[in-house]
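So, here's a batch of structures to check.
Below are two complexes that have chain A in common, paired first with chain B and then with chain C.
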Partner chain A sequence: MIKVKNIKIRELNIWERIYIPEIIRGLGVTLRHLFSNLLNPSSIPTISYPEEKVLLPGHAKERSRHRIKLRKDGTPKCVACMLCATICPAKCIHIEAGETENFVEKYPKKFDIDLSRCVMCGLCVEACPEDAIIMDTEEIPGGAKDRNASYGKDGLYATKEQLFEKKREISTFGAANRLANEFLLSKERGNRND
Partner chain B sequence: MQDILLNLWISHKTQIVFVIESFLKATIFLNGIMAFTALLTLGERKVSALMQDRIGPNRASIFGLTLGGLFHPIADGIKLLTKEDFIPEKADKVFFTIAPIIGLVSVLTCFAFIPFGNHIEILGHKVRLLIADIDSSVFMIMAISSMAIYSPFMGGYFSGNNFAFLGAMRAAAQMISYESVIGLSLIPMLIIYSSASMSEIVVKQGNLLMAFIPAWGIFLQPLSFLIFLTAAVAENKRTPFDVVEGESEIVGYFIEYSSMRFGAFMFAEFVEIILVSMLSVTFFLGGWQVPYLSENGFNFPFSSAISIPPIIVSLLQVASFAIKTALFSVFLLIVRWTLPRMRFDQIMSFCWKFLLPLALANLFITALILRYLGTVRL
Partner chain C sequence: MSFMPKIKIDGKEYIAKENETILQCAQRNGIYIPRYCYHPSLSIAGNCRMCLVEIEKMPKLQTACSTIVAEGMNVFTSSEKVKKARKDVLEFLLKNHPIDCPICDQAGECYLQDYYMDYGLRKSRVSLNEKVRRGKRRQLGDYLILDNERCILCTRCVRFCEEVTKTSELFVANRGDHSFIDIKPETSLNNPYSLNIADICPVGAFTSADFRFRQRVWFLKTTESICLGCATGCRIKVQHNDNTVYRILPLPNEETNTWLCDFGRMTYKEMYSEDRLNHITIESQEFGLDLDKVFDYIKEVKPQEIAVFLSPNLSIEDNIALYYFASNVLKTENIFIPSLPERKIEDGILKNSDPYPNSTGIEIIANKLKLKKDEKTSEKFALVISSLEIAKTYARDSKGIFFSLTKSDMNGAIVPMKSYFENEGTFVNWQKYARKTTVSVVNEKAFSVFDVMKRLAVLFGSNSFFSSLKDIEKFISSNGIDKEFK
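Up next, the complex of A and B:
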């Protein structure tokens, strides 16, 4: 037995049937918006993007071209755990892990991001346990500020070298990073002891 | 040579002055309308944006100067001009080409009959602010503006596209239907003011009813005003009567048009808005009349009079016409962005089963009342 749900549609009353009072009511609504926005333009929720920026929720506060943070010794903070490549909805991150003599043992031998496929969602930044990948270079892929835009399609394929070269400031955040830094420190101490 | 020119000047002085005068009036008036149309395209985008809590166009700039998006009409024009002028293979090249031109010309011609001011004295010469002053100007406007139907119909029919054809059919049905309603809604005005000349109708709207209400059409015939407004919006093919285009739906008769040919259709639509506003202002809102302003200055009904030099009176009247037209055009934009679209069968039944009988009844009752009152001294 098919259930039939009867929906009662309210009949229009005479005031609504004349239509003109309702048109005037509708005009009132639109005019209220028109004048309130005209007299108080700051109430419009639009953000004029390149001039004014809003920090987005989560860890990927800005979402521009990616970069990978470096340790004190210039090695990437990335430990090739593949979390970013797994969560990426566009499947645009390609990582090949390699071995290093560093304490953390793993490093990305290959770390490519196909920016022509990237949807700039920032999930890789959220997923990264080492705070290695970040999207704060203020370059929009293919945009006016993009240094690699002149390369065309190639400029949209970010390899490891391109991802490393931006903003060479050193980060000390993250568990594996601390270990790696301690390893570095002990190595330095060992060298001094010798 | 000089003698010939001098003789010509002496023998044909009035004709030469008339030609120069008409040419200047047409140039100034039509250029003013063109500039206003360009502003209206920007205005529509801005008004709709503000109503929907958006900012609207504000990026086009000259040397970093945006002036709140004032350069967008120029940017639009340049964009349309530099686009590819495409004629589909299945289209009839001749009719496809002339369709937008017909639309633009038939709309622009109508402005010749609209009085945009009373008269102005230049070098001791009395210039009537009206390009073509003929006694049957109302009928001329009706006749010429109904030529506009050929533009969407030919554009859609000869595009060789099914959607364009559908739009053209809808446009033809809708425009021809509402044309009759427009005519019937204006006839009461002709009866009341007992004239078919627009300049005379406007002059008669300067009188006072009961010594303090201006004898504007909207006070004498409010129903006629509503019918005319509705029919004019429908004739203009704008929301709520925009199934012809149905922006989110069939795109309409100009689906195959690109470049400035499409621009001409768009431009004609906006010029039509101005035409509708000017007609409404002329028939129902007193045209160039300023309330209580006569040739010598203000004559307030219950208090003293203020005398003003005639040149300023003329300018005030032109300004009054311009302001009324601008406000009414903006009102039409606001109406467009407020109302939802009607279905096509609703549009047709609304016209033939509601508006047309209403207009006929209004005409009949007006005629009956005037018959018993005798002619109104306006």
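Up next, the complex of A and C:
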């Protein structure tokens, strides 16, 4: 059932209807901010992104181009649980799961993000139980690099190859990581028994 | 009259049935008591302790699944004591649990997840590294994968193999927190009902090898339909997403089935086989989806040379369309039904000795419309045979129009047929229950028999053919065919 709610719109009073005084009042607000920002620049609430950054709360930290973290042996931490694809409001993450030989059993056979549809909300990062997907590359999709077409055909369709590209810190968090860690350890010791 | 005890559950009075358990009585009256080991179609084991309830004047909590109701019982299913007990039981069950949810196919339909959110919500006091390790990923049989770490030892799987299939492949090995589900040496878990184990396992210990990692369950949409793997005609749930069927589950009902056989569950695979037809072939030439070509092929044939076979693989509607086309458009008298196998449950569970889903249906049609039954015909041209076996028996040497899901070596026009996940129609099972299939996925590269007959009727210049399924329904009821259905 759709509920109907009646909203009374306030009538304009006489000053507002004359219109000119309100314009002057609005210009006054603009001028006040102009001078206060001019004299005290530190009070400006906006920042000059991307030169300046503020860290976002939670796991998101920042929201630039995605990447998938890798394990010590170069395999992706992602286990294709699809939670990011489930939460994504733009429905722009396309994953196909495959089966691995190692302990973790599952990996993403296909992992594409259609960045031209992504709304950069960072929900995928929040949803990931494996600490695998993260948006901390400091690259802005559609920026200079994409125009140089170094990211595939149109730069805005990120595939596995590009997402898994960068190796940075080794992360050991995540639900299925106990298995991965045990696997890596056994590989180091040279006694695989999976 | 049998004795009907009055009992109170959560302060409300109910009349129970004799020898009913508290859990069953509560369930009948819409009160849900959490459970793992209890399954309505298996014996009672009472080993998981999840169903504990408080009963007045009893010092200890009792398991609702195994306590029989008694006159004047006063049961509480959500008192503080019960809630605390559930929380504790869950903590025990999860003590050595690996919490693999991201890689576990059960996630989304897992009783551990559900009850944890409903009753548990407690941090584990055992760290992941201290948990007892049991075997992971072990393939038992063709369709099942067992992960012993996720098992909560409810023994539903063991009881299923003992009581339903009576094959007893599984047992609980070892003791204490080292117990695990094992298979008897030199057996494999390949009984024809094995995939039911993946359904009844309340957690992700037994999962289906066929469905493995192909979809997350929360993406799946469900349509209710019927299985046409044999004349039993079990009711099923078809689960699909993005126009692709991923799995078939039973839809338990009193009349026919609680379970589903593995063969029936795999019938959807034919749709995705490499040999699936998506164009019309006439004498080895491909013609896209142009039905006019089929018309060209049949228009010169004289009516008395044509034999029309109703098919036990097609729905009532399609068969009626075929009959009507033959008698009113082609004006032939040679309308037959093939000889049909005997129908009975072969193995005492579900599998029928008749592999066709609508034998009973076409027998009813043949009786009502007075059709000829299984006569050797000398006609040169056969029309619409949808089962390869029947085609080979009756039309091996003749030309004809054949409907098929997959490539066929018959001599004539082969028309790609819609599978029963793609077409709606009524089928009458061996007990005479008439049930309908529903369209779960859309396929525009195949035809139903009705589609083809309708088009051919137009090309033959007939204007009295059925224009929709509604018209066929009218024909069915005006000829009293549906009076025979249950």
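Quick notes on this one:
Definition applied: the second predicted complex is superposed on the first by the 140 of 194 C-alpha atoms of A that agree within 3 Å, B and C clash if a C-alpha of one lies under 4 Å from a C-alpha of the other, contacts with A are read in each partner's own complex, and residues count from 1 in each chain.
Just so we're on the same page, contacts are C-beta pairs under 8 Å (C-beta built on N, C-alpha and C of every residue); 3 or more make two chains touch, one makes a residue touch a chain.
Note that the structure is a prediction, hence the values are computed from the model and not measured.
When both complexes are overlaid on chain A, the residue A:Ala97 reaches chain C alone and has no touch with chain B. After overlaying the two complexes on the shared chain, residue contacts for A:Leu83 are found with chain C alone; chain B is out of touch. When the shared chain is aligned, no partner comes close enough to touch A:Ile14: not chain B, not chain C.
Contacts of A:Gly26 after superposition on the shared chain: chain B is touched, whereas chain C is not.
Legend: residue contacts after superposition of the two complexes on their common chain; A:Asn37 is shown touching chain B, with no touch to chain C.
Of the two partner chains placed by superposition, only chain B is touched by A:Thr46; chain C is not. By the touch criterion stated above, chain A contacts chain C in their complex at residues 79-83, 86, 97-99, 103-106, 129-130, 174-176, 178-179. Interface residues of chain A, counted against chain B in their complex, comprise 20, 23, 26-27, 29-31, 33-34, 37-38, 41, 43-46, 48. Per the touch definition, chain B reaches chain A in the complex via residues 47, 50-55, 58, 226, 334-335, 337-339.
Contact residues of chain C toward chain A in the complex are 98-103, 107, 128-129, 136-137, 212-214, 216, 218-219.
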